[in-house]
Each structure stands twice: as C-alpha cells, then as structure tokens.
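Take a look at the structures listed below.
Two complexes, one shared chain (subunit A), two partners (subunit B, subunit C).
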Partner chain A sequence: MNNLSATTKVGKIKKLKTTKVYVIPYLVWSFIFLIIPVFILIFMAFSTYDFSTGANVEFTLKNWKYVFGAESRTVFWPSIGKSLLISFLVTLLCLIIGYPTAFVMTKIKARYRALIMALLILPLWMNQVLRIVSWRTIFEILKMNRNELYIFNIIVAMTSMYLPFMIVPIFTVLEKIDPKVVEASYDLGSNKVNSFLRVTLPLSLGGIVSGIIMTFLPSLTQFEVSDAISYNNVVLLGNLIYTRFKGTGGFNVGSVFSLFTVLFTIIGFILLLRVDKEGETLI
Partner chain B sequence: MMKKNIIPTLSKVLILALAFTLIYIPVVVILIMSFTKSYSLSTLGLESGGTLKWYGSLFGNNYGALDIAKKYVSNIASLKTAIVNTFAVTIISTIVSTILGTFFAIGIHSFSKKIRTSLMVLNNMPVIMPDIVTGFLLLLIFVLFESIFGFKRGFNTVLIAHIFFSIPYVVLSVLPRLNQIDENTYEAARDLGCSRFEAVFKAIIPSIMTGIVAGAMFAFTMSIDDFVISMFVSGQKFYNVSTWIDSSLRRGFIPKSVYAYNIIIFAIASIVVVLTRISSIRKNKGALV
Partner chain C sequence: MSEKLVVLENICKSFGDQEVLHDFNLYIDRNEFVTLLGPSGCGKTTLLRMIAGFEQPTSGKIYFDGQVINDLEPNRRPINTVFQRYALFPHLNVYDNVAFGLKNYKVTRDNIKHNIVKDYSKELEELKAQLKDKSLSPEVKEEVKNNIKKLTEEIKTKYEEEFNAEVERRLANIEKEYNEELQKGELDERTLLKIKNEKEKCAKKLKLSKYEIDKEVMYALKLVHLEEYKDRKVDTLSGGQMQRIAMARAIVMKPKLLLLDEPLAALDRKLRQDLQYELKEMQKKLGITFVFVTHDQEEALTMSDTIVVMNEGRILQIGTPEMIYNEPRTRFVANFIGESIILDGVVPSDNTVKFDGATFKTTYKGFSKNEEVDVVLRPEDLLIVPQSEGKLKGKIDSKIFKGEEYEINVITASGQEYSIHTTKDYELGTEVGLTIDPENITLMKKPGVNTFSGAINADGNVEIAEDIALEYGDEEKEELEEGTEVVVRINTADVLLDDIEESDFTGVIKDIKKRDLYYDVYLKVGNLTIVSSTTKVHHVGEETGIWIKKEKVFVKVEESEEEDE
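Let's look at the complex of A and B:
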C-alpha cells in the first residue's frame, strides 16, 4: 500500500515538472513585450529621451507640467471629462440593453441559442473602421451631423460597437446558473422579482463586471469613433494619445496620457480579481 | 412557470430586436452601399441604382468598368496588397498563437491554484488593457529594437503584435477544457510507454481539441479585424485592410470596393460559423464559444 502511494506521488511530481516547463517561454515572452514596455513607458513619461536622436537622457517633470500646465484647462481636462462622460454613458446603455438581452437569450431553446450567439458575434467580422464610417453615413442621411449632436452620435456608434462585449460575458455566466437554484428560491416562497434580485443577479455579478470592463475601457480610449463621427471636432483621451504618437518626438507627453489609461486599467483589474480570479468570464 | 402571456413575450422580442438592430445597422448599411453606384459616402446611393462593379474591381485588372480617375485604380491596387497583408498576418499569427497558447495553457494548468491565479493575471493583462495602451507599449519596445538592432517596423512587427494579443484568447479557451479532463490522462499515457512529448501530443491534445479550435477561431477573429494595435506598430509603409481604410478616410475618400470586400468576408464567415454551430448542435457538444 505504502509503496503504491509513493509511486503515484513520484508520478505526480514528474508530471508537474514536465508540463510546468511550458510556462517558461511564456514568461520570457511576457517579460519582453509587456513588462519591459511598461518600464519604458514610465521612463518616457519622466524624461525627455527621444528615440530618434538618442539624446537628452534627462529626468524631468517637464511632460507632466506640460499636461497639467497652462494648456490643461483647454486640452487635457476637457478631453478626460468628455471621455469619462461618454464611456460612462456607453457602458450604462450597454448594460441596460445588454443584460435583458442576455437574460432573454438564456430562455431560448438550446438549439436556437447557439445560432443567436453566432449572430451576435458575426458583425465583428465586418471591419470596425468601416462600421464606424457607416454610422457617419447614417447621421449624414438623418442630417444629424451638427456640432451639438456629435457627442450623442459618438455614444450611439460606440454603444452599437461594444454591445456584444457586454452581452457575451453576461450570457456566459447566466447560462451556467443551475435552473434548480432559481426554482428552489420559488419553492422557498420568493416571487419572480425577489428571486431575480436575490439569486440570479448576485450569481451573474462576475459577468456584469467583465462586461463593464470590456466596454468601459475600450470606449474610454477610443479615437477612431470621435475622429470619424465628429470630423475631428471632439477631442477625447484616445485622440490625445493618438496625435502624440503620430507627431514625431511626442512620445514623452503621449506616455503621460497613456499612464492615465494604465491607471484605469489597473482599477479595472482589481475589480475583476474580486469577482473572477481566473478571468473565465472574459470571453 | 412558463405562462404564455403576451406582454412578457412581446417585451422579450422587443429587447432582442433593439439589441440586434443596434448591432446590425452598420452591417446593413455596408451591404446596401456595396451594391449601389454612387461614390458618395454621405448617402446610401439608392437613387443611383445598383451595380456589381465594386465586387468586380476586386478581381482581375479590368478597372475600365469603374470609369474614374487613375487615382482610384492605384487605390484598388493598394487595397489588394492590404488584403494579402491582412491574410498573411492573420493566418500566420493564428497558427503560431494557437500552438504557443495551447502549450502555455498546459503549463499554467500544471501549477497550484495560487501560482495559476497570478499567471492568469499576466495572461489577461492584454485582454483587459485597451488596444491603444497595448499598441503604445508594443510601439515603445519596437522603437527600442529599432534603435538597438535596426529592426524596422512593418510586416514583422505587426505579426509579433498580433501573436501577442491573440495568445491570451487561446489560453482562455483551452484552460476550461484542461480543467475538464482526467488528471491521470497524462500519467496513464506515460505508464503505457509514451515519452513526455508523446504523452502531451497523444493524450492531452486530442482531449482538449475543441478548446484549441475555439481558441484558433478567436485568434483569427481578433486578428483579421484588428485596427488600433496594427496602426501603432505598422510603421509608415505597411498596411492591412483596417489601417488602409483609416488612411483612406483621413485622405477624405474611401473607395467602395472595400465595402464589397467586407461583404464577401462577412458572407464566408457567416457560412462557416453557422455550419459549425449546426454541426456542434447536432453533436450536442454545445456552443464553441
């Protein structure tokens, strides 16, 4: 008996050793393309280093002064404000439309459910830039291309773009909920509303958080939608980063802007880790 | 429990209709515009009548039918290059990221839960990070490579970037399957005389195949439609379809041939996806995603 358990133990250790090795190239890969760049980003934000000349390795707060300095009231803060407002409203709209849609989808017969799911993902095969441009065409036809409507138009186009990213994770989580759990709540005297609020909703929280992150972060940093829909009239956080990267030598200030989005990403990460440790609701 | 009330049924239909209308409006617009004669992007062009010339312009070299300036003809030539570039990048990056992602997932799976969670944080980072940050970070490392090794931006950098953002999706698709298989599969294969590699290839890989296929489909979908990351890392001369449309847009004119191209891709994707769904329903293995 003792002998037998000893061999299985040895076998297990062997197994772990052999397949654990596969992680090493992954770590090297992530180190090169993820960890090092983050350090370059921080370095760029705090220096005046220019890759094209290789000169001026000097640590300074100049870039930060530029971002928060005299121009910040007309450039930086309005862009951040508009970006936050737009992405907040887009996320809210996606949640209000997406949650009931995902909920209704789980009530459909299994065979049709798979097809509906496919229909939901298929538009992602249509080029995203072209989808944005076609929204502009619609606003053009409806004579809605006016200064005061640009932000509204951007919100509509973004909601259409990111809605599937809200529906899919919520649907994935809702589908996994055992119907017996909900039935049990009925048996225990809950009515429909009550059992939804106390059973279904808490159980689908992981999907909601994933959905919110997958819509909020991309819509916060979008630049193509605002460029195309508003004919460059609405400048968002994404546009600020984009223009810095396009112009030569703008990497330093661009890095400061990027650090802001990194900050929002980290917040999103912490939220996600609380509800879904292995990220199973992300796709 | 399933009372056949009209109001709940109606509201169910309405919410589905609202969501799908919002998502499908652009698709319908692109579909209509790919068949209308007008060059203008500010109308659907219904009054200008129907044509197949945009589809025709994608095949062969006969642009006479297009009946416009030379500028447009050179545009279409560059569109064709962009299409070839897109497929080259997407196919290679799908194959590479599927292989790497599968092995990473097997590796991650063999760790204890604690280490696995932190490895998954690393894995999920590119999924959660907005494209613009991923693009900017990759641009920084590529610019560093350029200044040290003279590594020029173009096909190579776009390919590496696509592999980079595809791998996490493969890992996320494969891991749930790994959790489902019997832990002793690998050992059983080893006991029966398989070498370490054979045990992985003959015992583990076949049992997680559905996850691998789903991961590959994910990688393909993400790669073929990528715009932001490609935009950042492609340098000045390399275009895929997305960055090509963007540069046309910034020059103020998008040739409608690209609408036709997108409809063709959409049609192929629809057929493939619907067929795989139907076959997976028949096999009763559930949805792929």
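Let's look at the complex of A and C:
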C-alpha cells in the first residue's frame, strides 16, 4: 500500500515537471517584456536617466514633484479626472447594454446565440485603429464633430469597442448557472423578479466584476480614440503618456503617469480575485 | 374535503412532435406516498414538473384540491420540490438555503391579491372588451368606465380587508405565543417584549420576523439532523447532507404536496437505504403527501404506499408494492419489478395452469376455459427437488455464486431455461426436478383481451351469456351453424362505454383499477365480467352502456379438448 502511493507520488511529480517545461517560453517572454519594463518604469520615475543621452543617472523625486506640482495641475489632474469619468460612463453603458444581452443569449436557441457571438467577435478581428477612424468618419457624416460633443463621441466609440469584453464574461457565468437552481427559487415562492435578484444576479456577480475590470481598465488608458475622434482636443491619461513617450526626453515624467495605470491595474486585479477565486470568468 | 389531493385528467404532453405523455389519468390521495416508477424517458419527470408548474400540459387538466391549476405559476402552488441533484443555492450557506422560501414574504401579499383579482377577472375583462366597442355611445361608455372604476375599488377594499384579516390573525398568534413564553419563563420579560414587538412589526407587512424564520429553519434542520451545519457553505457538504438540506428547504415551506425527483439517485447504496427509511418516517411524521419519482424498483417497493408503473408515457399498473410485485399485470411490469421468468400458459380449468408440458395448481379462478395466459415465476419461488418429485424435469446448466445465494440455471427438455435462486449448491449437469407452490404462480391475462366461451344462436349471432348476443366479424366471416361452441375474443380497448340509450347492452361498474393501459373498468353484465380499458374517469356503481363494434368481435370455433396424458 505504502509502496503504491509512493510510486504514484513520484509519477505525479515527474509529470508535473515535464508539463511545467511547456510554460517556460511564456515565462521568459513575460519576464523580458512585462516584469523588466515595470522595473524600468519605476527606475525611470525616480531618476533623471535619459535614454537618448545615456548616463547622467541621478535618483530624484523631481518627476513626482512635477506631476503633482503647480506646473502640471492644469494638465495632469483634469486628464485623469476626464479619463476616470469617461471610463466610468463607458463601463456603465457597457453593463446596461451588456447584461441584458448576455442574459438573453442564455435563453435563446444555440443558432441565434452563435449569431450574436459572431456579431460581437467579428469586429475585434479588424484593426482597432481602422475601427476608430471609421467612427470618426461616421461622426463627420453626422456632423457631430463639434467641440461640445467630443466627449460624447468618445464614449460612444469606446462603448462599442469594449462591449464584447463586458458581454462575454457575463455570458460565461450566466450560462454556467444551473437552470434547476432558478427553478428551485420559483418553487420556493419567488416570482421572476425576486428570483433574478436573489439567485441569478448574485450568482453572476463574478462575471459582472470581470466585465467591469475588462472595460474599465483598458478605457482608462485609451488614447487613440480620444486622439482621433476629438482631433487631439480631449486629452486623457493615455494621451499624456503617449505624448511623453512619443518623442524623446519626456520618459521620466511619462513613467510616473504610467505607474498610475499600473496601480489601477493592480487594484482591479485584486478586486477581481476577491469575487472570482478560480479566474473562471477571465474568458 | 375530498380524499383526492391531485387529479390528473386526460393529460397529454408533447415536445415538438414527440409525445411523452398519452392521455394520462391519475389521482393521488391525501397523505399518500406515491411513487412514479419507470425507466428513463417514460415521462415520469415530465409529469412531476407539470404538477410543480414548470411545464404546461399540451392538453388535459390538473386539479389540486379541487381547483384547476394548469395556469397557476409554480411560485403560487402550495407544492414544493426536492430536485434531482438537489439544486441548492451555491451562493448561500446552509441556513440561508433553508430560509430562502420563508423570506419570500411579498408572495403572501401577491397571493392574496391574486386570489381576489382572479374572482373578478372575468367581469373586468368583459367590461374592458365593451370599452373597445366603437359603436358605443359616449354615455354608455361613461357608465362602463364607472363600472370598471367601481370594480377596481371593490377589489382594493377586499384586498385591504383580507390583508388586515391576515395581519389580525398573525397578531393574535404572536400575542398567544408571547403569553405562553411568559408562562414558561425561560426568557425575561424584556427580551420577550422585544421579540414580540419585532414580530408585530413584521406581521403588519405580512413578513416573517427573523425569530420566526429562525425557529422554522432550526426545526427543519433538526428534522434532517443537520443543525450543526447551519453556517457551512453548501459546497462543503457531502451528497447525503446536500440531499437532506434540499429536503429541509422544501419541508420548511409546509407544502401540501412534496415532489421528489430521484432524490437518492446520486448517493451510494448504503446511504440510500438509510435515507429511504428516513424519508418514509418523515412522510408519516409530517403528514404530507409525497410524490416520488424513481427508476429504482427496490426504492419504490421499500417506501411507497402506491406505485405507479409507467412506460412510454402510459400507466402500466397502479397498486400497492405487494400487488405490483406479486401480481404484475403485464410482462413489462413483471420484468421491471424484480427478476422474473415469463412463460406462455393455458388455463384448462379453474385453479390450474398448463405450461412447458406440465399442469400446475394455482389460486386463480375465473379465467375462461383454455384461455391463454402469461405465467410469471420468480426465481426465489422455484424449488429444486429430486427429479422423481418434480413436475418439471431438467438439467443444471450453469450456476453463479452471488454471495447470499446461488443463481442456478435449469434447462428442461423443451429447451426452456429457468433461473433459480437457492442457498444450496448443486453439481453442474445434475438431473433435477422443479416444483412451485400454487400461491407463487402468477397468471396474467394476455394484454387487454376479454375471452368468453359462447355459442352461435338462431340469428347467426354469438351468445356469450343467456341474454347477451353479439353480432360478430366482418363481411367475409365464415357462417357458422346454430349451436356451434366458440371462443369469443374482444380486446378490452374495443369495449366502449357509452350512454345507455346508444348502446347494445348495459353493465354496472363493479371495480375500477388504476392499472394496465389507462383504467380497467370491470363491468358486471349478468353473470359475466367484461373489462373495458378506458381513459375516461368512471365511478364504481355507475350503470353504463356497453358498445362493441361487430368487426372487433373475434370468434373461433372451440376445438375439442385434448386430454392430458
């Protein structure tokens, strides 16, 4: 008996070792292109190092003082405020449109479900910049390219871009809910509204949170949409970072901006882990 | 109050073009433990879901407590279900799962409203329809509008009345409980007053206070022996525990009828046996009607008061477990309930049957002379004896050791195999004899045939009793001489019951058995008993007309009896 369990244990370890090998290329890749860059960002944010001139390494809080200081007060904070507002509204719209869509998708025939899924996924296969440009054209044709409408236009374009990322995780979760559980709630005296509020909604919470994170975080750092649609008139956090890194010399302050997005991402991820421990809603 | 809690009348159900229930008729008495037994796909779960309200019958009526409930939503039915694989709420702990239904206080209010509106709905709809009529003069229209307004107000006052009456009833109850508690003196007066106030506050909204919910939940959990598990998450429970929680969640609602959809199917054998016993005890204790669905015949035999054996959307037999086991009515039932050997036999006279070349004594009377029957033997009833003493003689062909007993196969000279369960070991190839006690031989009428002996009368019709003559056969029938003795066969399904005026002759209903295909109605006609298989609901003692199409009366000249050697 002991012998047997010992051999299976060894077998298991061996097997794990061999399968683990397959993940190495990805680990190397993400180490080089994800982990190292984050450390470079931190390094850049706290130093005066300049890539174009090289050398001249001096650790300083100058970049942070600049970002929080009077000089950028009229740029940085309004941008971050606008970014947060737009992301919030985009996420809200996606949720309002997306949840009912996902809900209906679980109720209809497989054929129609596949059709809706195709309608959601197909645009994603087209280049993002092309889609943004076509939105701009649409607004031009509709004569909506006016200063006071820019934010509205950005929200519309971004909602259409991120809607699939809201619908898919919610659908995944809703589809997994055992219809018998909802029946059980009718059986115990709940009407349709009650059943939805007490059973379906709490059971789909994981999908809602990952949907929110998957729309909120990317829209927070969007810059192409605002660039293209507002003809550079609306400056968002993403635009700030973009302009800093576009040329040379602005890397240090840009790094500070970027670290804000890293911070938002980490907060989002922690939130997600709290509601969805197995990560099953991340598609 | 009628004894019948649920009546299913002419229920048909189709999914697309597939018909899963055919003209199904059944009633369930109060406090009965009824089991729907059948192989998967026989329609038993669909039937259960229709009683619960999750499916609507394609046609037919479902009565509950004397009222048609076809259109009543599941949440309004005083019926609860224990689902297959339990369907517990995964986001709630054990306590909240059990408390779920009790927190649906809004529904009480809804139900009061629903019941009142139901009484007025026809009137209201008629008035509203009148309004749509464009030819009405403005004055009449105004009057109709006023009537609608009056009716709506009437509904409102009635609702308020009933609402207040219910509140009063609850308040009185709370007062009573408070005084009782005060007498007991387990808690001090201040705490009791606090509890009472809280209860009263909730009662005014027809809501249950947390104290009342707590009491009910803990009672239900105690009933299933899981009080200590109240804070556990449901996914940390074992299958048996989940099953018990599903039970507690349903019975806490105090339903009049509890539906159980294969609740024990996912459990292991030992646990299943324990829970079978517990379920039966619980049913007795609570006095709730149980409708239990299973494909496990052993489960059905252990627990039920009544078993309904189903196949392909039809009832094959209804009866007590003993009846179903000892006197299966059809081959399917005999095969499905326990192991059995089914043979073709002939009844030469009362209390005898002939099969496989031997004649046996039986306890059966009333079969027609030489009627062909199905003979059902159970493996544990066949006895192995020395060959000289056995009526059947054969050779031991194979044997399997099964722990408690041997399963021995004996082949007789005719090639018929008999499977026998015995605790004694025999050598392969031994020549043995077999006997069966008369009470262990079950005879079944061949499905749905009335067989009579008769004779041709002067009019060329067949007389099956002194004053009952039937026309028979189609145009190509063979003309028979007067006085020829014949065997008459009529399928039970071809015996139609009709108005007395329209019929050939009449009979009195002696007995109705919920068995075989639909209902078997036993009619007394003079000295004869005629069986009619019908889907309609009849009553014992009723006199009814009997009508048989002449093409459906089959006549065969009786052969001269062959003497046994």
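In this text, the second predicted complex is superposed on the first by the 256 of 283 C-alpha atoms of A that agree within 3 Å, B and C clash if a C-alpha of one lies under 4 Å from a C-alpha of the other, contacts with A are read in each partner's own complex, and residues count from 1 in each chain.
Just so it is clear, a residue touches a chain if its C-beta (ideal position, glycine included) is under 8 Å from a C-beta of that chain, and two chains touch if they have at least 3 such contacts.
Remember, it's a predicted structure, so these values are computed and weren't measured experimentally.
> Mind checking subunit B and subunit C on superposed subunit A, clash or fit?
fit
> Please work out whether A:128 is in contact with subunit B alone, subunit C alone, both, or neither, and reply first, second, both or neither.
A:128 sits against subunit B, while subunit C stays out of touch.
> With the two structures laid over each other on chain A, which partner does A:111 touch: subunit B (first), subunit C (second), both, or neither?
In the superposition, A:111 touches subunit B alone.
> Of subunit B and subunit C, which one contacts the greater number of residues in subunit A?
Ranking subunit B and subunit C by residues of subunit A touched puts B first.
> After superposition on the shared chain, which partner residues are touched by A:202: those of subunit B (first), subunit C (second), both, or neither?
The second partner, subunit C, only.
> After superposition on the shared chain, which partner residues are touched by A:191: those of subunit B (first), subunit C (second), both, or neither?
second
> Based on the superposed arrangement, let me know which partner A:148 touches: subunit B (first), subunit C (second), both, or neither?
neither
> Thinking of the overlay built on chain A, is A:180 touched by subunit B (first), by subunit C (second), by both, or by neither?
second
> Rounding to a multiple of 10°, what is the angle at subunit A's Cα centre between the Cα centres of subunit B and subunit C in the superposition?
It works out to roughly 90 degrees.
> How far apart, in whole Å, are the nearest Cα atoms of subunit B and subunit C in the superposition?
6
> For subunit A, give the residues common to its interface with subunit B and its interface with subunit C.
Subunit A residues touching both partners: 186.
> Please give the residue numbers of subunit C that touch subunit A in the complex, ascending.
Checking each residue of subunit C against subunit A gives 52-54, 73-75, 79-81, 83-85, 87-91, 100-101, 104, 106-107, 110, 249-250, 253.
> Sort out for me which residues of subunit A touch subunit C in the complex.
Those residues of subunit A that touch subunit C are 178, 180-181, 183-191, 194, 198-199, 202-203.
> Residues of subunit B touching subunit A in their complex?
Those in contact with subunit A are residues 1, 12, 15-16, 18-20, 22-27, 29-30, 33, 41-44, 100, 103-104, 106-111, 116-117, 119-133, 136-141, 143-144, 146-147, 160, 164, 167, 169, 172-173, 175-176, 186-187, 190-191, 196, 200, 218, 221, 224-225, 227-228, 232, 241-242, 245-246, 249, 254, 258-259, 262, 265-266, 269-270, 273-274, 277-278, 280-281, 286-287, 289.
> Show which residues of subunit A lie in contact with subunit B when the two form their complex.
Going through subunit A, the ones touching subunit B are 11-12, 14-16, 18-27, 29-30, 32-34, 36-38, 40-41, 44, 51, 54, 97-98, 100-101, 104-105, 107, 110-111, 113-138, 140-141, 159-160, 163-164, 167-168, 186, 213-214, 217-218, 220-221, 223-224, 228, 238, 241-242, 245, 251, 254-255, 258, 261-262, 265, 268-269, 272-273, 277-280, 282-283.
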